[in-house]
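The chains carry the letters A, B, C and D, assigned in the order they are written, with residues numbered from 1 in each.
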Amino acid sequence: MLELITFSLINGVLYGMLLFMLSSGLTLIFSMMGVLNFAHASFYMLGAYFAYQISTFVGFWPALIIAPVLVAIVGAFVERYMLRHVHQHGHVAELLLTFGLVYLIDEIIHLVWGRMPVDYRIPEVLDFTLFSLFGIGFPAYRGFMFLVGVVMFVALYLVLTRTRVGLIVQASLSHPDMVDALGHNVPRIFTLVFALGTGLAGLAGVIAGNYLITEPGMGWAMGPIVFVVVVFGGLGSLTGALIASMIIGLVTTFAIGLNLSLADLFASLGLEITREAFMADLWFLELSRIGPILPYLLLVLMLIFRPRGLMGTRET
Amino acid sequence: MSEQSIKQTPAHIAPAPRLRLLRGAGIWIGALIVVLVLPMIFSSGHSVSMLTQMCSAIVFALSYNMLLGQGGMLSFGHAVFSGLGGFIAMHVLNAVNDGALVIPLELMPIVGGLGGLAFAIPFGWISTKRAGVTFAMISLGIAELVAASALMFTGFFGGESGISSNRVVDHTLFGFLGVSYGPSIEVYYLAGAWMLIATFAMYLLTLTPLGRMANAVRDNPERAQFVGYDPHLVRFLQFSLAGFFAGVAGGLTVINYEILTADALSAIASGTVLVMAFIGGIGFFFGPILGAILITYLQTSLSSFSEAWLMYFGLIFVGMVMYAPHGLAGIVMAHRPALRSGRAGKLLLSYLVAAVPTALLLVGLISLIEMGYHLSTAYMPEYPISLFGVEVNVTQLRYWLGAVAITAVGLAVFLWVMRLIRRAWHEVNAALGGERT
Amino acid sequence: MSEHALRLVELRKSFGPTEIIRGVDLDIHKGERHVIIGPNGAGKSTLFNLISGRFPVSSGRVELHGQRIDGLPPHQINRMGLSRSFQVTNLFHRMSVFENIRCALLWSMGYKYAFWKLVGRQRRLNEEAERILEQVHLQARRDVPAAMLSYAEQRALEIGATIAGGADVILLDEPTAGMSLTETEQAVQLIREVTAGRTLVMVEHDMGVVFGLADRVSVLVYGELIATGTPEEIRANTAVQEAYLGTEVA
Amino acid sequence: MNARLKNALAAAALTAVTSLASFGAAAQDTIRVGYIDPLSGPFANVGDAGFKHLLYMAEKINSEGGVLGKKIEMIPLDNKSSPQESLVVLREAIDKGVQYVTQGNGSHVAGALIDAVEKHNRRNPDNAVLFLNYAAVDPELTNEKCSFSHFRFDANAEMKLSAMTDYMAEQEDIERVYLINMDYAHGHQVSRITKELLAEKRPDVQIVGDVLHPIGKVKDFAPYVSKIKSSGADTVVTGNWGNDLSLLVKAGADAGLDVDYYTFYAGGLGTPSALGQAGKDRVYHVTEWHTNLPVEEDTPEMGEFSDAFAERYPGIDWYYNRLGTQMLMLKKAMEEADSTDPMEVAKAMEGMEMETPYGTVTMRADDHQLLQPLYVSVLTEGVEKDVENTGLGFKTVARIEADDTALDTTCEMKRPE
């Protein structure tokens, strides 16, 4: 049991960190611009592919820097020449634009890199076992991922609280209309924020692409879950996004560890349920099977009872 | 309209078109004739099946627009109701096949509708308390939950293979006419009839107190409270009715395909209906009809024309959002003042002029995309492909240069001609006294 | 039961640590035109928001025709006969002028959430809407979307929508703010016409309007009522003059 | 305004233009085979690979004179992985004069197609269609759902598991088995059948875990790996495919999990490269073919054939050997029936025996299930023919003869008069 808890904890925190890397960028974009960027996970995928390509030329470490910057440039382009164009037509139009982008980015990746997974590998320096616990090895690369996540959070936090641009961005996270009144160049800040947000997604892609698998379906897999994190954590709050990522990471991981079903619960109360019972599917559904969809349940409950999310500064 | 008079208007709402009313019986009779005649023109089995699917998609897209266009509710989970309604209809149809129930096949869409309604009531109650992003996100969460459940509760949803049935049942209303609903043409006419009925019903709904208040709540939920209405209840009722019509669409799908899988309530299905409504134009009652027809056509046909169909789909989609945010209906309606005043001739001329560079531009772009795909995915890229009657070897640079040149020339002339069109447009509309604001 | 149309008892409202309304007691008589004045930030709009149910009260009571209404949602308060306008124009901006008025009429004419009746077929409803349109002089702009109206027209529509439901207590929040002199005159005339026979509570800055229209005036300063009385009494009240009116009246 | 027009025109022109481009010459004297599988979307790569196998076979047959003097023409039909979409394209195919359709990805799609083909053949007996299934392995399809119009060329899940557990039963060091599967029909079947077969063949083996997880939704398998680890399992049996398999094995390797994996789809397109070193010497699968077989069984002509394929379609290995069997058997049946009429061909194909480089294969008449030899093999280094240029390849550890793969069927075939 201790074993299970330890691993669920470690795995949960790590998965949470990956979620946070993805969602921090979306939190910025969503909170400030109100854009439900459906293509966020596509930028994540783009980051992984860029990193793969760059690493075949110059190795992993330069790719770690260059790939997110490239993704940010693509993001800036998208904001400047596409999103801004539809901004006046409201958020639904912006959302649909990013929806269309998902198709385009997907197809471009098919065109350039084909439909197969690419061989994007963990750098050899990090390809060893950091330590072992209860006989299970902990790969060094996971430690590295965690480290990058922490560095990213700290850096973002400092940028947002210590720099002028950061303060403006933060102000506009909670009061998007105010910044305009203050006379700041909002469109430029929007471009900056969108580039930063997509760049962060790109970074997540660089880090996760080789640990998981770099293939054209990786964006679809990550798509909606990022929204859950952002909304659950609350708009305008980076810390909220971090906590939400951790909660969702831990909840899904712990659920996998537990083979409990409602039938077991009733059994412990002395109520025997058979396979033939009415709605047997439901009673015998094990927690581990529904683990990955628990976040959506949490999301719905959160929105019903606390629409501004965990740490949101305003209602969504 | 003077500059001054609109200065108090927030910029983002200024050009939003009103929900226009379709007036007169003429348009309905016209629609009836179109529905009757279409399968005589497009008579192959595949076309008839596609037309039937279009009928179902029209009902679905219109029901979606009851939420987004009329009620201001952006839903990412509308397919939940068409899907669940469809599954209910499917189970009822199976019960009919087993002889456990006696319901004529013609009424299956109503069964689906009631199924959709039954689920829309609880889900609607919890999700319509608030509008905006909260509503959107709850709908996303519910959609994911239901879609995931569909794979877990295999008893009801049949797992990934879904549930199938047989639409040829013993009892039908028109059986005495020799109608069995085996041949797809008979099913098409059934779907067409239901499509007309549902469309008419949804149209009338916009003219009722609830329909009007749905618009009011969309525009300003707070003010709606101060004229005595509970926005939650207004949204809830609108949502439930939309769920009903979505279920009708689900019932039509069941009859057409005789199989329903979990895909029917997936996030993709929900996204598709959003796309249909938006591309068609959510500001107009008939907009989603155009969107449903176009998207259904593209989805079923584009993929058999080109392996790059998703690229074209994405491009068309992004292009529409960027340059025609009021949808197809917006384009149509923008021409109405000019048409009415008989000044459309001038516009038409400039469009004709524009057709040449547009065609050139398209030829260039399509060539580039097709050549790119051929180069990337073909096993032997040097194997020539035929583009617009020209044998093209994509490994040779000159063909690429040619395609780029066509595109560039097309684009340059296109941009130049567009200036002419813009001028013509301004002239025509200025002459109309700025009727269009 | 009482001749009070509206009664505020020991009404308080805090936002966090700051108390905005600090124990207001006020009786509004049936049929009177009562104007609330006070400096900026005195809490006049907040008071309206409390009465109309837009904000929950922190403590105290609001009574409409002797019935407690604090704690009720705005739509229920409205159904009990209280209607309000907003300082910042608050309309159904994408709907036409006529539709704005018609929507404001629906509940009071008993249509509720009906989805089996066609509004176009309801003769009485449409006649009533036309009548109000005429009252607020917007017949010519009947089919224009509200967002396209001029500012003064929007204010007139705002008043039209407020009175349409037939409420007998009308709350108007600065109906003439931002208007030119002639527009203000027209607006006052309009208010006089449409509120005839009803109880009117109004927030106003323009002293000309206040003294021309009011039966009684209340002065709200920092969340407290410092005086209530006829225009003459208020003009003569030294506390008011010190606290608020200053030399403006003299 | 201009741009709106542009888009309207774009759609119109696109359709006009592309229709010209793709429907060039369609000769009448061909045997049209419709290929219904995903050609766009997330599984497009798999569908595409299958189609290339078929194209290659068609080319080969056509270059040798075709069938009854007619050429075989392959028609790709994108079903976007959806059963419903499959029925749409089936109708389209029938409109185009297709009399044979083939499909493999997804038993749910296959189930829908069987159903639709049955209905079509009943409603339009003069225009019948045959369905050749090359990879949908749900046992039901040749049991409860069996149909005269359906022929399966792949061993079904139960046959494969039977072969696999035969081999496992001989491995003394297998003591504790963990089952992890995707939460859908196939995964459920693998879990259920494995438990039944192991209980029968190796009652001493303990099932220490039986987990289902959602399809394609798990991004990080580390939690599952810790569960497997803490259960003390030495062997994992899984029906997972694609990323759900690669991610599982990779997460296991990362955590130093020392177990063997018995799988269905380790050889699936892209999976060996995604597995990489993580799968070395621990991933087994059961198939009718792998690229190293020509070396092991000394059938150089098959080696040349598969090398030529790999050269022709870089990045894809010859994987679906049963597609070769399928097309050759179709040809043989047409020649025996001396007709391309689907119902005649179906009658000829029932019970047909055919020689292949790896022995005789039989299309069992009872249920239209092909019986062919199966191989259990392990992914390892140092074999002569590697897969997907990974340096790794499959090495046979056991061969199960065609007759031994046969299982009872509950099929009650309804044959046309």
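The rule is simple: a contact is a pair of C-beta atoms (placed from the backbone, for glycine too) under 8 Å apart; a residue touches a chain by one contact, two chains touch by 3 or more.
Computed from a predicted structure; not experimentally measured.
Engineer: Among the other chains, which touch chain A and chain D together?
Structural biologist: Chains touching both chain A and chain D: B.
Engineer: Using only Cα atoms to place each chain's centre, name the chain farthest from chain B.
Structural biologist: Chain centre farthest from chain B's centre: C.
Engineer: Which chains share more C-beta contacts than any other pair?
Structural biologist: Ranked by C-beta contact count, first place goes to B-D.
Engineer: In whole angstrom, what separates the CA-based centres of chain C and chain D?
Structural biologist: That gives a centre separation of 74 Å.
Engineer: Could you please state the distance in Å, as a whole number, between where the Cα atoms of chain B are centred and where those of chain D are centred?
Structural biologist: Spacing between the chain centres: roughly 36 Å.
Engineer: Averaging only over C-alpha atoms, locate the centres of chain B and chain C and give their separation in whole Å.
Structural biologist: From the centre of chain B to the centre of chain C is 44 Å.
Engineer: For chain A and chain C, let me know how many angstrom lie between their CA-based centres, rounded off.
Structural biologist: Their C-alpha centroids are separated by 48 Å.
Engineer: Give me the residue numbers in chain A that touch at least two other chains, ranges are fine.
Structural biologist: 110, 114, 289, 292-293
Engineer: Can you tell me which residues of chain D touch two or more of the remaining chains?
Structural biologist: Residues 48, 183, 214, 217.
Engineer: Could you list each pair of chains that touch, in label order?
Structural biologist: Listed in label order, the chain pairs in contact are A-B, A-D, B-C, B-D.
Engineer: Which stretch or stretches of chain B touch chain A in the complex?
Structural biologist: Answer in residue numbers: 11-12, 68, 74, 126, 129-130, 132-134, 136-138, 140-142, 144-145, 148, 152-156, 267, 271, 274-275, 278, 282, 308, 310-311, 313-315, 317-318, 321-322, 325, 372-373, 376-377.
Engineer: Taking the touch rule as given, give the residues of chain A at its contact with chain D in the complex, in rising order.
Structural biologist: Chain A reaches chain D through residues 3-4, 7-8, 11-12, 14-15, 18, 110, 114-117, 119, 121, 129, 132, 134-139, 141-142, 212-213, 215-217, 220-222, 252-253, 256-257, 259, 286, 288-289, 291-293.
Engineer: Which stretch or stretches of chain C touch chain B in the complex?
Structural biologist: 52-54, 73-75, 78-79, 83-84, 86, 89-96, 99, 102-104, 106-108, 111-120, 145, 147-151, 154, 161-162, 164-165
Engineer: Which residues of chain A touch chain B once you look at their complex with the stated criterion?
Structural biologist: Per the stated touch rule, the residues are 34, 36, 82, 85-86, 88-90, 92-93, 95-97, 99-104, 106-107, 110-112, 114, 224, 227-228, 231, 280-282, 285, 289-290, 292-293, 296-297, 299-300, 303-304, 307, 315-316.
Engineer: What residues of chain B sit close enough to touch chain C in their complex?
Structural biologist: It comes out as residues 1, 4-10, 13-14, 16, 18, 204-205, 207-213, 215-216, 218-220, 222-230, 233-234, 237, 241, 437.
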